[in-house]
Each structure stands twice: as C-alpha cells, then as structure tokens.
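Two complexes, one shared chain (chain A), two partners (chain B, chain C).
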Partner chain A sequence: MTVLEIKDVSIDFPTSRGVVHAVTDVSLSVPQGRRIGFIGESGSGKTTTALAAMRMLAAPGFVSAGEIHLNSLGKTDILKLNEEEMRRVRLRKIAYIPQGAMNSLNPVMRVEHQIWDGIIAHEGAVTQAELQRRSDAALEGVGLDPTIVGRLFPHELSGGMKQRVCIAIGVCLDPDLIIADEPTSALDVITQRHVMQTLREVQAKIGAGLILIGHDMGLMAQSVDDIAVLKKGELVEFGPTRQIIENPRHPYTKELISSVPLVGGESFLDPSAAPKAAGGDSATPLLELKGVSKRYGAVTALHPMSFRLDGAVPQIISIVGQSGSGKSTMGSLMLGFNAPSTGEVLFRGQDVYRQHAAEKLAFRKDVQAVFQDPYACFNPFYRVNHALKFPFERFGLSEGPDHTRAAMEDACRAVGLAPETVLNRYPHQLSGGQRQRLIVARALMLSPKLLIADEPVSMVDASLRATILKNIHDLKDQHGISILYITHDLATAYHVSDFVMVLYKGHVVEAGPPKEVIGDPQHAYTRLLIDSIPWPELDRDWGSADDARAALDKLAEVDRRPDTVYRGSVPGFELSQG
Partner chain B sequence: MQTGAAAPETAAPDTAGLTKAQLRRMRRFDNPWRNPKLITGVSILLGIIALGLLGRLFWDMDLVFTGSGMPRQAPVGIENIRGQVGTLAHPLGTDVSGKDILALLIVGAPNSLYVGVLASVIGMSLGIFLGFTAGFVGGRTDDVIRVSSDVMITIPPLLILVVFQAAYGDITLTMMAMLIACFVWQSPTRLIRAQVLSMRESGYVQMARLSGASTGHIMFREMLPNLVPYLFGSFIANVTTSIVTAVGLEVLGLGPQRVPTLGRVIYDAINSGALIQNMWWWWGIPTILLALMFVGLLLINLGLDEVSNPRLRRL
Partner chain C sequence: MGRIPVSYLINRLITFMLTVFIAATLIWIIPRLSPVDPVDVMLGRMAAGGGSIENSDAILTQLRQSFGLDQPMIVQYLLYLKNTLTFDFGLSTASFPTPVASLIGNALPWTLGLMFISLIVTFIIGNLLGALMVWENTPKIWKVAIPSAMVFTAIPPLLSGLLLMYVFATQLRWFPLTGAYGLNVEPGWDWDFIVSVLHHGFLPALSIVIVTFGFWALGMRGLMITVQGEDYSVLAKAKGLRPRYILYRYMIRNAILPQVTAFALQIGGLVAGQVLVERIFAYPGMGKLLYDAILDQDFPVIQGVSFVIILMTALAVFLVDLIYPLIDPRIRHEM
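Up next is the complex of A and B:
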C-alpha cells in the first residue's frame, strides 16, 4: 500500500534574480513501512521536496505544478487542503523530525509536556493519566527512561537524547509517514548510530513510511530500503539501495558513492609524488609540546601531553576525536590563540606565548591554519582578494602589486581554481568548496612551515572533500609544509596522515601509524569509532540498536580508565602522555 | 587535478515570463539604496534643511524680533479672534509680541536639528570608542564600562538636565548638545560591545590574527565596516532621542534664552496663553514641523534597516 504519492511536482522560488526552479517534475511514491532515502548535495532540492508534502515550504517558495496524495486522505490533493485541514494532517499523518534537535525543542518546557502538546492539539481533551501513559510509552519506545527523562528540560539532555525526544514526539500519534531531515548531522558517529537504529526500530514498530534526507551515502546504505538521488532539483536515479550502491547508473550517483572515503580502500591521493625535504636545521624540532594541558574552570579539556615534531621531512599528523575530545583546543594552543594551563608550546625552540612583536610576526608567517567554516573565514565587506593579499603584504612577501597579483593567480591555479572565476568576487558569490580552496591557496601563498587544518572539509559538500584534501596533501609533498590535521573523520585520516592520535576526553587513547591505529584498532574507543562509521557497503552491517546501546555502555567504562595504547612510531615524531 | 569549480548546485534562476513591472521591482530589490522609505525620509529632512537655508535668502530674518509686525495675526486668509484677516506680510501669522512665525521657523528648525545631530555625533563617537574598548580589551575595563553604561541608562536624563540648566542659567545650543550627548552614548556602547564580542570569535577575525594584523587593523579595517549598518541605525535613533530631549527642555523654558528654537516657540505659546486666545498657528505649526522631522528620521531608520537586512525587504 502506498502511503504518500508525489506526482510531477515542481517547486519554484521567485527571487530578485528571477524564478529559481528548485524542484522539477519529481514523481515518487512511498510504500507503507518502507524507508526511502533522499540524497543530494546542498541545494539539490531534497529537503524542499519533502517539505512540500507537509506544506511547510519556506517563503517565497510554492508548488507550481503537480499533486501530492496521502493515502489516508483518499483522493484529496494535499496541496488543496485549507490551513485547518492541513494542521490536522501534520504530526498525525505526517511527522517531521528536524535537523537541529537542539533548536527544535522548547527550552522552557519539560520534555513530556512537549509530547502532550502534540496529543492535545490533535485529540482535544485527554485525561491526565492517558497523556502520561502515552508520553511514557513514546519515550520508552526511543529507549529513554520516562520517569527520569520526561521530567527534564531540554538543556539537561545530551544531543543524542534530544534527537530521540524529537523522534518520540514525531511518532506519538502513529503517523503514516515520518520525514527525517538529516536527523544526525549534528551528532558524532557513535551517537549517530544509536539514533538511527532507534529511528529504524520505532518506524518498523508503527509501520510508517520513512523519508530520510541526507547527503551521506554510507548512512543511506545502512538505513534505507530505496534511494532517490536528486541533483539540481531533478530526480536522477531511483531504486533499491543495493542496486544504487552496487550498480549505479547515473554518473552523479557514482560520484556520490566514490566520494565516501573508505578505510583500507583505494586512496584518492596520488601516492607517486615524493615528499620534498623542507629546509631548516633538524637540531631544533619544528614544534614541541612540553607537558601541555588546558583547563577551563573545573573542566579539563586536555590532559598533560608532550610531543615533538621534527619537521625535517614534512609529515601529516592527524588528531582524531569526537566533539569535546579536546582536539580543537590542541589546535588553538598550537596557533598561539589560547595559552595552556600548564606546560609550554615551543616553535623552533621558542615559547609561543613568550614572544615579542617581531618574533610573533615571524611565528605567524610560519604557522598558518585552515578552519572548519569556509563561510565565516572571509570578511563579507571585502572582495576575497583581501584575505589573500593582506597577509602576503603584511609579511613582506610582496614585491609590488603585480607580484602580489601573480602570486594570487598562481596559488589559485595550484588548488585547481581558475583565477578569473574567483578573484575579485565577494565571498557570498562563491560556493563553500571554492572558499575553502581559496583558504588553502592563501596558506600556500605564505608558504608556512606548519599548517593546522582544523576540520577543513566537514562543512563542504561530499563530492569536493576529496579534492580539498588532495590540495592539502599537495602542500606537504610539493611545498614541504608539515600539517596537523584535526578531524573526526577516521577514513580521511587513514589516507592522508603519517601518524594518527586518537583523542578521547582530553586523553590520547591510541596513537601510531594509520595502518595500525585505524586499520586494526586495539583500544575499545577506537574500535567503537570504527564500528560506528556507516559504510556504503550493504554487507558490512551496522548492527542493531542493542549493539549500539552496548557500545555506549562500553564507552562509559572507558571513561573510568583512559590509558594509551602505543602502536609504533614514525621517525621525526615522538609522543608521550603525562 | 580538477579544474573549475562547481557553482552552487541550485538550478539557475529563470526570468522568462515576467512582466516589465515585476522586473523593475526585482531591480529595485537588487539595489537596496533605492528604498522608498529611505528616499521619502531623506527628502523630508532635506526639505526641512532647505527651509532653513533658502528661507534665509528669501525671507527677512529681522522679523524674529519683538514688534516686527502686528501682534496676533493669523496665517494668510484666516481670521483671528479679533476678526483681522491674515496677510501675505506674515504668511504664517505672528505671535503676541508681533514676531513673525515663518521667520521663527526658518531660524528655529535647523537649530533643533543641529542640537540633535551634534549630540548624536558626540554620543556615537563616545559609544564607538567605549564599545570597542569594552568588547576588545575585556576584563576589568569591560566591567567598568559595562556597569557605568548600565547605571547611566537607569538615570532619567531630563531630571539631571533640568537641575543642571536651572543652575547654569542661559546656555548656548552647542552646550546643550554636549549635555544631551552625556545621555545618548550608553545604547551605542552596549550595541557595539555586543557586536564586537560576537565578531571577535568570527572566522575572518581569526584569519586576520593569523595574518599578523594589528589590533587597530582588526578593529577598524575588519570589524568596523561590518558594523556600519548598525551604526547608521543607532545614529538616527540617537538623533531622534536628542531632539526629543532638547525640545522637552526648551518647552520647559530651560533651553537657550536668546536663540529661537522650535521648542522655545512652543514654550512662549504656552506661556502667553496661545491656547486660550485660539492662536493655534503659534504652537501648531512648530509642532507639525517637529512631527515631520520625526517621521523623516523614522523612515530613514526603517529604510536603513531594510538596506542592511535583506530579509525585511519584500519583493
């Protein structure tokens, strides 16, 4: 039985530059109990299509053609319902699980009251005992203890718990269809697995259809039955998951699948390029941390650790961990932005936090960074040239305007951007991928000795990630820059790095060459991280929700005794804990 | 190596099938400065300034003195309480002492605007300086600035000004503006401090620090340009507040004694029983002019809001 049928739907957005056809002629049906994945990059129309079924398109968008039918409404077109009829359809027939659970729950209401709200809005007066019974059942269904969690406020819950509360609200009225809009994009892999498993379980129990919106092919492979691939508002491929993953027809689908890096799989890097030795004496190490720790009040973000990076031969050192593991704190410590609580950070034998102005300028030139958010890194007031030109002139590298210009153009070409398409533009005119590559180009122009790359690709569309990582990798091989790569993504760390440190709650729990640490993890936490990655391979199953729960329990055990597993070392880099 | 780079993956816009009027509206949307509210507001204010400037050329300014015309004359073509019909000699009538209302307005309106703008300029400069210092330096400096601006906000300015003026006696326009400026720096200080605090952590400021930029560069070249829309809005709001405060003082008789201002005209009207004698033009016309001034400032503020925040703009 079909739950939802979308027939030739087109969606238009009138803007100041003309009408944008966000979705064109999409037809699709969702059978009962089946899970459909909508996959595509940002702007592909996947969310827009799903929201049209709830009639919740953001202004000024509207459905310009087509029909949407909901089975339980008979022949009526959803698009022709009036506002009050539509209100009754939402949540009761179609539930929506939002992307940011953090912002979707009401901060001043207890969790169970928020579930009651939905029930009362649709069923009118319900007795208190009945409300309590149903909210308890809904919370239990998502694996939360109703006696404790029901009485809590949203800020008292973790991100994964909040998302599960959102699922509980969504399913409390047994809807025909659940639309989940990237429900786990803000969560780390371990929690992601748990939330997705919960969602699958609940959906199977009430027998609703599920539309899962996302951009991660691996997550789709592990979670849905059918996949719909959207590109620029058109449905380019639709079919059962196995067929799409193993035998994709459309080139765009192939591109999406190949953009997911695999541990142990084929590398997206060119291994033939030989690393060029960096100049400089090898007697003093490039970067040295001596017993560095960082505390914020009572919280210890980073426990004392030391390492020594020679830098004579450029290397990529990866720091891997979940959010809150202290990896970004390490990055800012090394950049001289955030003084350590104990210990010292030495760059070429000099304490980074005890330099006078001239030394500081030299240090700035030699240590550069690529940050996570390419949208925030450009001052919206200036053309993008400003970001490239200013440091170049500031560090005295420029020999005049023509030289600066030529250097900018060369740097753009080196990261695969055509200078005429990006230079002299304002940041908002460029895509996220273009901006991030410009930031890499900026680092290249300054030819620093050390580059700190803090999650450089986590906010960039999947298809561009490999290219940007390749650009960064080239910096090492062709320009002799040592790189500290901070990431939560084990698969990319596996490919680009020479040495990997896994950070958990400010402790290094496992460290060594990537082949050992990620290819054959020994520490419980590393193993858990690897197991939680959704692979785009159907035969490599994710396990059930119980597995995920057991894994989280195991993690709690790790909390009590974090010890480091050393898995061998590489020349030019030494690490010690404590 | 992959060349070229993907433009955003959204489908391209399509302008086919739109009427000319729609296209014109779109272009207007694209150029935020062609905002109807902004244009109306600016024209009203320019009109008032023009009244002040051109009036001096085309009208006799000596008519502001006592006894320069027949007292209690109504505007042109209107009878006063004694049955005299107003003449072109005094198009807007005269007051009880024979001062010409038109001449009073020509001198008074720019004076009121001058006090407002000057007070606001001084207050804003103070606010920008203190807000940046508080947000950027932080620590104890921030505490001092924040607490003192919060305390100043709770003190009613009129109370202090009344005491001050009463003690001082006659003062000049500039002095009054400076006194008022002491009460309009707090809100820009708070606004800029908050913006600076959030901007300090933004990616492009981090990038500038990585580029070895000095504190001055970060403050004035990276942050300030992005604050311009806020500063404009805050400035216009401050001009309004300053004029209201100035007029309030003048109507209480505490403004400059020798210089005509709009508030002073209203004070004289109230004091000489204009309401009982039905001399509505005496207090009514300056009030209308003040109202126009405020409407103009409000429209400019709304227009600037739309310029800096495209989400407020409607297609």
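Up next is the complex of A and C:
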C-alpha cells in the first residue's frame, strides 16, 4: 500500500535574477514500511522535494506544478490543505528528523517536555501520567534510559543521543511516513551506525515509510530498499538498491558510486608521481613534539606524545579519530594557537608557542593551515582576491602587482580552478568546493614547508573530495610540502597518507603505514572504526542494532588498555608515546 | 531546577563587592583631579548672595575642617570609605547643611518608581514588537506599522517630552504639566495621592517609552532572525506545534536571553534617570538632583549619586547572574 505519492512535482524559487527551477517533474511513491533513499549532491533538490511533502519549503520557494497525496487523507492533495490542516498532518502523519543533530532541540526545554509538546499539539489535553508513559516508551524505543535522559537538557546529551531523541520525537505519534534529512551527517562513523540502526529498528516496528536523504552511497546501500538519484532537480534514476549499486544505468549514478573512496580500492591519485625532495637541513627536524599533552581543566584532551618529522622528504602524516579524540587539539597545538600543558612543540628547533614577533611571522609563512569550514574562512566583505593577495604581500613575497596577479592565477590553476571564473568574486558567489580549493591555493602561494589540514573535505560534496585531496596530495609531490592530515575519514587517509596515527581519547592506539593500520587493523578500536564504515557493497554486512550496541560496549574495554600498537615505520618519521 | 552551587555564589558575590570598592575609589579620586575647590565655590555663592564676608579666612578654615579637607589624603580616603559604606556622603555644599543621604533618600523613590515602570513597559513592548517583526504569522499591517513607529526612536527624549507636554498637558489638558504629585494632596499611602502620582508620572513615562522601545525592538529583531534560522525552530514547525506556542516557547524564549543581560545594565542607568526628562517635567528624582548638583558643583551630592548608580548597577548585574542559571540551563552546566 502506498503511503505517499509525489506526482509530477516542480518547485521554483523566484529570485531577482530570474526563476530557479529547483525541482522539475519529480514523481515517486513511497510504499508502507519501505525505505527510500534520496541521493544527490548539494543543490540536487533532494531536501527540497522532501520538504515540499511537509509544506515547509524555505521562502520564496513554492510548488509550481504537481500534486502530493498522502494515502491516509484519502484523495486530498496536501498542497491544497490550509495551514491549520497542514499543521495537523505534521508529526502525526509525516514526521521529520532533521540534519543538525547538535542544534535541533530547544536548548531551554527538558528532553521529555519536547516529546510532550508534540503530543499535546495534536491530541489536546492528555493526562500527565499518560504523557510520561508515552515519552518513556518513545525514549526506551531508541535505547535511551527515560528516567535519566528525559529530565536532561539538550546540552547534557552527546550528538548521537540528541539524534536518537529526535527519532523518539518523530515516532511518538506512529506517523505514516518518516523523512530523515541526513540524520547522521554530523556524527562519527561509530555513532552513525548506532543511530542509523536505531532508526531502522523503530521504523520497522511502526511500519512507517521512510525517506532517507543523503549524499553517501555507502550509507544508502546499507540502509534503504530503493534509491532515487537526483541531479539538478531531476530524478535521473530510481530503482531497488541492489540494481542501483550493482548495475547503475545513469552516468551520474556511476559517478556517485565511484566517488566513495574505499579502503583497499583503486587509488584516485596518480601513483607514478615521485615526491620532490624538499632539501633543507636534515639535522634539525621540521616538526618535533616532545612529550606534548593538553588538559582542559579536569579533562585530558591529549596524553603526552612525542614525534619527529624530518621533512627532508615530504610526507603526509594522517591523524584519524572520532570527534573528541584530541585530533583537532593536536592541530591547534602544532599551529601554536594553544599552549601545551606539558612538553613543547618545536618547528625547526624553535618552540612555536614561545616566539618573538619576527620568528612568529616566519613561522606563519612556513606553516599554513586548511580548515574544515570553507564558508567561515573568508571575510564576506572582501573579494576572494583579498584572501589570496593579502598574506602574499604581507610576507613580502610580492614583486609588484603584476607578479602578485600572476602568482594568484598560477595558484588557482594548480588547484584546478580557472582564474577568470573565481578571481574578483565575492565568497558567497562561489561553491563550497571552489572556496576550499581557494584556501588550498592561498596556502600554496606562500610556498610553506608544512601544511596542517584539519578535516579539509568533510564539508564538501563527495565528488569534489577526491579532487581537493588530489590538490593537497600534489602539494607534497610537486611543491615538496609536508602535510599533517587530520580527519575522521579512514578511507581517504588510507589513500593519501604515508603514515597513519589512530587517536582515541588522546592516546595513539595504532600507528604505522596505512596499508597495515587501515588495511589490516590490529587494535580493537581501529577495527571498530573500520567495521562501522557503511560500504556501498550489499553483501558486506553492516551488522545489526545489537552489533552496534555491542561495539560501543567494546569501547569501554579499550578505555582500560590504551596501549599503542606499532605497525611499522616510515623513514623520516618517528613516533613514541610519552 | 537544581540548586545554584555555593562556589558560583561566592564568586559572584566577590565580583560584586570588588566592583563597588573600585567604583567608590574612583569616585573619590576623580573630583580631586578637578581644579575647582568646593569651599571656594561655596564662599563664592555666599558672597554672591549676602554681600561682603567678614573674616573669610576663618570661615574657610572652619569649612575645610568640617569637610575633613585639612587631613592627609590617606586619612581622607579611609574616612571616605568608611562613610560611603555606611551611606554617609556628608553634607551638601549647595543646600548646606542638608545631608546628601537625605537628599538622595528623597529623590530615589521617585526615580525608581518612574524609571522602573517605564523600563519594564519598554522592555515588554519593545521585545514583543521586535519579535512580531520577524514572526511569519504576524499580520502584514503590523509588519509595516512597527518599523514606522521606530521613527520615534530618533527623537531625543527631551523633544518628545516637550511635544507630549504641549499636546496632552497644554492643549488637551489631560495630564498635569509638571511635578510628581498635585499640590492639593498630602503625601501618604492613600488613594488620592496614588492616583495623583500615577497621573503626574504618565507623561514622563510615556516620553521615555516611545523613544526607547526601538532599542529593544531592533535588538530583539536581530536575535529573533537568528533563532528563526536555528534547527530547533524548524523542528518545532515540523512537529506541528501551534504557531503561537512556537513563537513564545521556542523563539522568544531563546531570543530573550541576551536581552535580559542588557536589561540588567539598563537598571544601573535607570537610577541616574533620564536626566533631561526629569528636568523638563520638574520631576523630583535622581536625575534632577544630579543635574542641579553638577550646575552647583556640589561635589558631595555628585559623589553620593554616582555611588548609588554604581551600587545599583552592580546589584542588578549580581541579581541577573543569580537569576540567569534559572532561565538558561546551559549556564548551570558551565559553573
């Protein structure tokens, strides 16, 4: 039986520069109990289509053609309901699980109140005892202890717990359809698996249809029955998951599948390129950490660790771990933004946190950074030229306006951007991928010795990740720059790095060349990370909800034995715990 | 709600006391940097009023003694601290020998009454209008009317006061022109007096409200736009909650939090009053007292009023610090 039917829906956004057709002629139906995945890159119209079913399009968007039928409302087109009737459909008939797990709950209300207000809004007066009973049941259904979690405020929950609360809110009225908009995009792989399994479990229990919006083909393969592939507002392919994954017809679908980097799969890099020697004085290492640790109050973010990166031959060292593992703390210590609690960070023998102004200036030129959020890295008031030009001139590298201009154009071309299409633009006129590549170009212009890249590709579309990582990898081969690549994504670390350190709660638990550490993990935590990755291969089992829970219990065991498993070394890099 | 930890309480109390101490010290130092000698000023005033002055040197010495100006600086300072903390600000030089404390004691209730009521009214109206400017269900007519009303914010309170006086007191004769209560009533807790006070206070309060609500409305508008874009506001709508419930419990409830801090800071300024508003309405409050004291170079009164202003600000901030954890649960987490 069909729960929701979308018929020839088109959605337009009138803007001052003409009408943008966000969605064109999409037709699709969701059968009861079935899971449909909407996949596509940003701007493909996947979220817009789903929000149209909720009648929650962001202004000025509107449905310009088509009908949306909800079976339990008879033959009525939900686009014709009035506001009050539509309000009654939301949550009771169609539940929505939002993307931003971190911020989806009202920060000043207790968790159980946020389940109650939904019930009251649709059922009117309900006794306190009944509300309590139902919120307890909903929280239990997603594996949370209602006696504790119900009384907490959102800021007291972890990201995974918050998202499970959102699922509990979504299913408390037994809706016909659940729309989950990238429900795990803000979570690490281990938590992602747990939340996704929980969602599947409760959805199967109440027998609702599910629309899962996402961009990760691996996650789709492991989570849904049918996949709808959207590109620029059009439904380019729709079919059962197995057919889409194993026998994709549309070239765009093939592209989406191949853009998922696989551990052990074919490399997206050119393996023949030989790294250029950086030269320099090999007696003083480029970067050295001596017993560095960092505490924030009672919390130890990073336990004492030491390593030595010679830098004579450029290398890419990956630091992988979940959120809270201390990997970003390491990044900010190495950039001299934070003082270590113990030990010292030495760049060419100089303590990076205790430098004179002149030394600091030289250090800033030699050590560049690429951060996670390409949107926050530009000053919105200046054209992008400013971001490229200013450091170049400030560090005295410019020999005049023409030289600066030429350097900017060369840097753009080096990261695969046509200078005429990006320069002289404002940041908001460029896509996330273009901005992130400009940040790489900006770093490149200063010919640094070391680049610290903190999650450089986690916020850009999958198809662009490979390109940007290739740009970064080229920095090593063609410009002799050593790179510290901080990421939660093991598959990309596998491909780009020469050496991998797996960080867990501030300890290095496993370290060595990527083929060993990620290809054949020995430590329980590394294995868990690898097992939690959703693979775009149907025969590879992602485990059940119980497996995901058992995995979390296993982590507690790791807590007791945080020893490092050394898996070999590479010349020019030495690591020691303590 | 959970209890506020004692360490947090002690921390805030120490901050409060330190603020008051530093402020009291500054108030003592700053007038001493002024080249004007208050005793000379007083003598000058006597001379202007009463013709010639016999044995003026003796009077000078005696006055200096009575104000303690012949003592070493450190003694003067310690004596000042002791007196200030017991609310003994000495004697006014302009209306000698009335104690400053009794001048303030007479003026403070009027200002607190007028300003506190207008501040609360402004806070509620301003924030509500600011929120309505953003809410998607606000009738169109309101969305036009509210920004238009903001024009008043550009008018100086002095001018709006005169305008209101002209229209409502002189022309329509609905409200009395000046003063805090009528000449035909005796001060006391009886009905006639209270009605008279409210009647007299209406225009000054209104003149303050119409020029200051825009400050709150604009601030609230910005905060509401941020909150409207938050994921929890989107989820609230997706939950099918009633629009009014979302407006109050999700949007205003979160957007108001920074405004509460601003409210505390305003309370301090409130004691000084809208100096000019009190002046034109001849309202016997702190603003008028301060205004007259500055004109008369009446240092003890200026010191006393300044100290009371700072004490009130520090007290208001202290109280908001105590209340804040109750309205924003995230703060409790950090303490």
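The working rule: the second predicted complex is superposed on the first by the 578 of 578 C-alpha atoms of A that agree within 3 Å, B and C clash if a C-alpha of one lies under 4 Å from a C-alpha of the other, contacts with A are read in each partner's own complex, and residues count from 1 in each chain.
Simple rule for what comes next: contacts are C-beta pairs under 8 Å (C-beta built on N, C-alpha and C of every residue); 3 or more make two chains touch, one makes a residue touch a chain.
All of these numbers come straight from a predicted model, not from anything done at the bench.
Steric overlap between chain B and chain C is present once the structures are superposed on chain A. Of the two partner chains placed around the shared chain by superposition, neither chain B nor chain C is touched by A:Gly519.
Contacts of A:Gly349 after superposition: neither chain B nor chain C is touched. Which of chain B and chain C touches more residues of chain A: that partner is B. When the two complexes are overlaid on their common chain A, residue A:Gly118 makes contact with chain C while staying clear of chain B. In the superposed model, A:Pro240 makes contact with neither chain B nor chain C.
Touch criterion met: A:Glu156 reaches chain C, while chain B stays clear of it. Touch criterion not met for A:Pro571: it reaches neither chain B nor chain C. Looking at the shared chain after the overlay, A:Arg88 reaches chain C, while chain B stays out of its contact range. After overlaying the two complexes on the shared chain, residue contacts for A:Gln99 are found with chain C alone; chain B is out of touch. Judged by the document's definition of touching, no chain A residue lies at the interface with chain B and also at the interface with chain C.
Residue ranges on chain C touching chain A, taken from their complex, read 230-232, 234-243, 245, 249-250, 253-254, 327-330, 333.
Within the complex formed with chain B, the residues of chain A that make contact are 14-22, 24, 40-44, 60, 231-233, 335, 337, 360-361, 364-365, 368-369, 371, 373, 375-382, 387, 390-391, 394-395, 416-418, 421-422, 431, 433-434, 437, 439, 461, 463-464, 467, 470. On the chain A side of its complex with chain C, the touching residues are 54, 56, 87-92, 95-96, 98-100, 103-109, 117-118, 121-122, 153, 155-156, 166, 169. Residues 1-15, 18, 26, 29-30, 202-204, 206-213, 222, 225-226, 315 of chain B are the ones touching chain A in the complex.
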